[in-house]
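Read from first to last, the chains carry the letters A, B, C and D; within each, the first residue is number 1.
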Amino acid sequence: MTDNNEVLLRVENLKMHFPIFRGIVFQKQVGAVHAVDGISFDVKRGETLGLVGESGCGKSTTGRAILQLYKPTGGKVFFKDKELTTLKRDEMRAVRREMQMIFQDPYASLNPRMTVGEIAGEPLIVHSAASPKEIQERVEQLLELVGLNPRFANRYPHEFSGGQRQRIGIARALALQPSFIVCDEPISALDVSIQAQVVNLLDELQDKFSLTYLFIAHDLSMVRHISKRVAVMYLGVIVELADRESLYLEPFHPYTQALLSAVPIPDPFAEVNRTRVILEGDVPSPVNPPSGCRFRTRCPIADKVCAESRPEFREVKPGHFVACHKV
Amino acid sequence: MRKMFILLSLLVVFSMALSACGGAAAPAPSKVLTTNFLSGDVPTLDPAVAEDTSSIQIAQETFGGVTHLNEVTNAVEPGLATSWDVVDNADGSQTITFHLRNDVPWVRWNGTKVEKVQNCDGKDRMVTAGDIAYGIYRNQAPANASPYAYLLGFVLKGASDFNNGKSTDFASVGVKAVDDQTLEMIFMSQVTYNVQLAGLWVAYAQPKWVIEGDCSGKVVAAGEKWIEPANFQGYGPFTLKEWVHDDYISIVKNPFWPGSEAIPQPKLDEVVFKMLDEPAQLAEYEAGKADHVSSVPQSDIDRIKADPALSKEFAISPQLCTYYYGFNTKASVVDDVRVRRALSMAVDRQSLIDNVAKGEQEPAQWFARPGLAGAPTIETHPDLGIKYDPEAAKAELKSYLDEKGVTADSLELTLLFNTSAGHQAIAETIQQMWKDTLGVTVKLTNQEAAVFWDTIKGKDTPQIYRAGWCLDYPDANNFVREVLAVNGSQNPADEKGEPTGGFNWKNEKFEELVAKAATEADLAKRVELYAQAEQIAMVDDVIMIPIYWYTNLDMTKPYVTRTYSSSGHEAFEKWDILPH
Amino acid sequence: MANTNEVEPKSVGARDTLLTQKRESLGQDAFRRLMRNHAAVVGGVIIIILILLALLAPWIAIKPFSEQVLVDQNKVPKWLVSVFPSLEPYAVYSNDYPLGADYVGRDLFSRIIYGSRVSLTVALIGPLISIIIGVIYGSISGYFGGWVDNIMMRIVDVLYAFPSLLFIILLMAFFRSPISDIQPGTFAYSIKELDESLGGMFFIFIGIGLTAWETMARLTRGQVISIREKEFVEAARTIGASNARIMFRHILPNIVGPLVVAETLAIPGYISTEAFLSFIGLGVNPPTPSWGSMIADGAKAIRTYPNQAIFPALALAITMFAFNFLGDGLRDALDPRLRGTQ
Amino acid sequence: MGRFIVRRLLYMLAVILVVSVITFLLMHAVPGGPFTREKSLPEETIKILEKRYHLDQPLYVQYTSYLYAVFIPHFTTTPPNAALSSQDDFLLNVKIGSLWIRWMNFGPSYRSRGRTVNDIFRDNLPISAQLGVMSLIISILIGMPLGVMAALKQNTMLDYLGMGIAILGVSVPVIVLGPIFVWVFGITLKWLPPTGWAAKPPFFLGFLPSNLNWEFFQHALMPSFALGLGSSAVIARLTRASLLQTIREDYIRTARAKGLQERVIIVRHAMKNSMIPVVTILGPLFAALVTGTFVTELIFGIPGMGKYFVTSITNRDYPVIMGTILLYAVFLVLANLIVDIMYAYLDPRIRYD
């Protein structure tokens, strides 16, 4: 694994607000869902950054906003040396060759009316002037690469299992030989037995093609295996970002601590002694997020200051960033 | 689901509860005759603005004019006037003084029976000359915008100007109530049909006190609603009892109508007119729910004639209407009289009647239907006009084709009719006749009625078009002059008298003849003048193809005695229901 | 969705057996299930027969549809009396007419055969108009969403609230008006000419299209919106596919099923619209026969000559049955939830 | 929900305005006027008539004064007296203190002298509504059971038979069915009166027949059936399709797995959820049936609204055309609103705000 420190992707103060309209005759905007509310991080070439948070915290939105599937409300996304939010359609199309996505639901992410070959080959058709024969050869290679029999190329997705479908999705993402892939909970919809296969495949491919992943997951145990660094999101903001070891050994943010305490430990003795931090209450509405620290309404150690100002996202240890007044 | 069922069962229970309240119907009066009008509400019962057959039918039964036209012979009979004096004035005008009877009271249906109407002093209101003058005033008043104001407008002195607003003083109109029993009318010319016109519905007496209010507010003005049953007052042999809009009208016997030879006291107690589409009328009749059907659908004639019972109840009587195809004599191809004559002679009218129209109509040889005053009849003029003659037709067309050097199938001809299955069947049949006899293919097109009526009088009147004419008053003048002559209803003209559409036709000789015929007092001479005029229009110039003279097909239950009207309005006061 | 067969290959051997199985596309699967639906098959066969009848009308019909033999009017074949005994007292027999002759002596059988042309044209044109306009309209509205969708759908709402029948009557009255109002060379004039050349069928098409496309647009919009949010559309966007490609390659193929079903089921409605227009006298120009106009003419004489209305009505009913059963069958076959059943 | 309804009602107003503009322009564009007659009237007479009905004014004036009369409530101290002039008849008259609030004057009918469009609404609409409601009930009573039966026995003879009966209803046009009904039940068997409608104005609560007795139902039976059969096919087919889908849902399987009776599963679980598409069609269907159907009313001689829909155009009776079209539009939009509200009842997931 190459480990230079070249930053491949940098996200600066990214915001994604979805407006809410209301009105009897004339619709006017009365508010917005603050799905992503000013997050910054970077991803270095060849590494895997895990992005973890409860469902609804904005992690999938972050992935989509990076890929410009949504037009971000604010902030910047630098990929290599390009700033993506200001690119024109055509320029963005060119960038898409280098950044791809693997989707969560292997059933919904494959067009049921296209054959596997067509699905895997579509990026090639969209982006290159390759001849049908070349495309067919490339598709066969791709299928082989993800562990599918190339002779399945003219079958339809409904003839495959979930795991196989996710492999097709991976083949599609790899078709253009991208350098960066957003993996949007790629294994959460799969049976546990198959999850490992897919994770291993992703690992293998990363080694083979020196890929960079943004790996989105909803619990920490999933990203532990694959990520080099992990970012924890809560209600549209990143609360903690650190190297895997640092984060798992010494989580600073009360939310991270709570998440980690929920992860079962495979050692039965340690499991018995595990102290679980149970969070009280529900996640507040992203339409009207709490003032100051987003987490204060559920935080066991919150006090006045947490309500007054938004905690700064600061480096408490080298490479370990936390947004909490109490640290 | 359950809620829906509860709702439904509630509805059922509710309906049962209501039905329990509905009492038994009162026993029907002994002689109630049920007949019908066509589907759709009767537009009005106000004689001043009435324009359609149904409205006029009711007006005729509930009011009445100074004169009365015999429904069978169309002869002029005494109505409200027992006698009249005709004086020809030196300036060409004519003054007619009508002497009215004094024993006709105004009546109304009070919800249970017919009662006389009292005036402010508590005395019976009698029909006076003033009431008739008021009726004519309402007919001519511009504010009422009566569509048939022109009937009197054409003949009555000053009426047209008053109607147009050129004069605002009704005194300038030639109508005067000399006293309660004397009405004086001044007509512009000395034509024979003045007396007829004076008795038409546009000159019926009307109750001013109901319409405008009276007795210092004790009689509330009913305005336009005066014809609703709650307000209605009349004086004829019947009076209005009920009018359920769009459903039925019922009129009851007026026991206070004094009766006369021409208009006797009714024998029926009540007549109910249901407003139904033709097939529905017949269904009612056959189900025993109606005693009379006013028009029998053509498609049922075969069956009715074959049915031993129904055939006896079926009757065909002449009706004073003519069915014809008009030409635009200035349109391409038909601008040549030979083509027109060929087309007219190629129509086998008898075959059309026997096979398609089926109502034993009479093949028409000319326009003014026999039976009208002044109109020739087949008996007196068997060879007048035009007849089916395929050989002559072929010869006429050949001469045209040879001259133009074209073939029959290259002629472009269009026949326009207003959308209706009946018109379509006739058009299809005649289309075939022309094809068989002449080898001419005529294109058929149809238009929705309101568009059609504009089209056939407009500057783009098609080459051939369907039309028909029914009487306003039973005189040949109403046909020959008022339809065919310049500025006639199917021959519009500009200010200079040049035709602009319709027949698009002007013939000085014809104009002269019909003008002369209007004032000719000698009946035999009149008939001759009209015969000559018809010969010009039908044979010399061929401005139309007369097709058939209408008949009325109706059915009456065997226990009903009746007369057969040719004017389209039945005289129900002469009908009776026998015990059965 | 849970019915998908698990075909996870466990070994090379298992893979090979899988590959030797006949593979089946969605269309084939649907077709197979359609063929199992007897009613739908019968419906389809009837429609094919009808199309053949319409195409081969000149050879099948025994007489030209417009040939009148006036003296033969209302004649009936002998066998008919046993079906309608009420005809007996007045029927004039002629076995030249298999189903009888009409009110001007035209062969009913031949006219029914030729009449299938109008009904089938309506059955084809109706969907064509509504699919072309409705699908494009609904797709644009649903795909772009936002204010575009809002405005486009409000327009549909207005048209939907507008009684289309009256619109047709008004249009017909306008276009079939005197020539002077409509000058040659104008658009209105060409429409008028087109109508005349089609024997008056143009406005029937318009009338049918008018009512039909709104429903179609709404349906399409709804479907597009539901598909638009699917991950595979996002995936296509991720790889940089153009809007057109997403629309035609990803969205439309996935909504074709419901649209086809909706249209097949709408066809009987179009056919009866034609019949109704003919009834109120706004149908095809005479003497072109259509079932609708034949029924309208015959219905007036239904008590006297029931055959004149009942036979064309029967033809209409059979056609409607066929399209209805085929439509129901297609829906059952194309419904992804029912896949793999039976 | 309240907000939603208010918004939809305001939106309805907009739809109606647009419909009124289109109708107004279209009907004036069509050749032939309200006073075009087979026997043409003299030009002077036509001028007088046009003046009476303000047809001599520019179109925009005619349109705006129409809007003013229909949409703007009028406040006067004089009590309503429609008798004197048929141009002064308001549908809604409310007295508050000495003030009269009067709203919706649809104008006079050109054809029926002395009658207003409001008169026609008052007298004829209730009858069409009675017929419409009854035929809707009949179509539901026939359509739903047929649909349910067909769905439960999919692709069996029972399915084909059920759907066959339903489709037969829609395949035989009322033009044929109506006269046959009249012939068989009215004339030959004499079981039912062949034509007519037993209820007449004034109506109970403005729309219910005041004599809801056996005679009323006797008259209503044939037309309601003739009209309802057509829609029953639509309902049957929708019920079938929708139920077929629902009974394959997981929660129905769960219900089966729980060992619930099949009848309970269908009635309590499947029916409610499969009603949504059926309810959707009921809206427009109701609007169409209530505002009258031309053919049925003609065949059975029913004094309803339907005939006015067609004949007012033939007569170029402008106020009646405008009135009936606006009425239809209002009914349609209202019906759709009610459908949306029904959705919320049938599917608790649907919320409006």
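Quick notes on this one:
Following the convention adopted for this analysis, a contact is a pair of C-beta atoms (placed from the backbone, for glycine too) under 8 Å apart; a residue touches a chain by one contact, two chains touch by 3 or more.
What you see is a predicted model, and the numbers here were worked out from it, not measured in a lab.
Any chain that touches chain B and also touches chain C is listed here: D. When every chain is reduced to the mean of its CA atoms, the largest separation from chain A belongs to B. Here the two chains linked by the largest count of contacting C-beta pairs are B-D.
Distances from each chain's CA mean to the overall CA mean are smallest for chain D. Separation between the centroids of chain A and chain C, computed from CA atoms only, is 49 Å.
In whole angstrom, the spacing between the mean C-alpha positions of chain A and chain B is 87. With centres set at the average Cα position, the gap from chain C to chain D is 25 Å. Averaging Cα coordinates per chain places chain B and chain D 36 Å apart.
For chain D, the set of residues that touch two or more other chains comprises 11, 30-32, 179, 183. Shared contact sites, meaning residues of chain A that touch two or more other chains, are absent. Contact with two or more other chains is made by residues 279, 448, 450-451, 454-455 of chain B. Contacts from chain A toward chain C in the complex involve residues 64, 67, 69, 92-93, 96-97, 100-101, 103-105, 107-114, 122-123, 126-127, 149, 151, 154-156, 158-161, 163-164, 169, 172, 175-176.
Against chain A, the residues of chain C that register as touching in their complex are 1, 4-9, 15, 19, 23, 25-26, 230-232, 234-242, 245, 249-250, 253-254, 336, 339. On chain B, the positions that touch chain D within their shared complex are 1, 8, 11, 14-15, 18-19, 22, 39-41, 43-44, 46, 49, 51, 142-143, 145-147, 149-150, 153, 160, 163-165, 220-225, 227-228, 244-247, 274-277, 279-280, 283-284, 286-289, 448-455, 457, 467-469, 472, 489, 492. Chain C contributes residues 68, 70-71, 73-74, 86, 89-90, 103-105, 169, 172-173, 176-180, 196, 281-282, 285-287, 296-297, 300-301, 303-305 to its touches with chain B in the complex.
Per the touch definition, chain D reaches chain C in the complex via residues 11, 14-16, 18-19, 22-23, 26-27, 29-32, 154-155, 159-160, 163-164, 167-168, 170-173, 175-176, 179-180, 183, 233, 237, 240-241, 244-245, 248, 250, 294-295, 309-310, 313, 321, 325, 328-329, 332-333.
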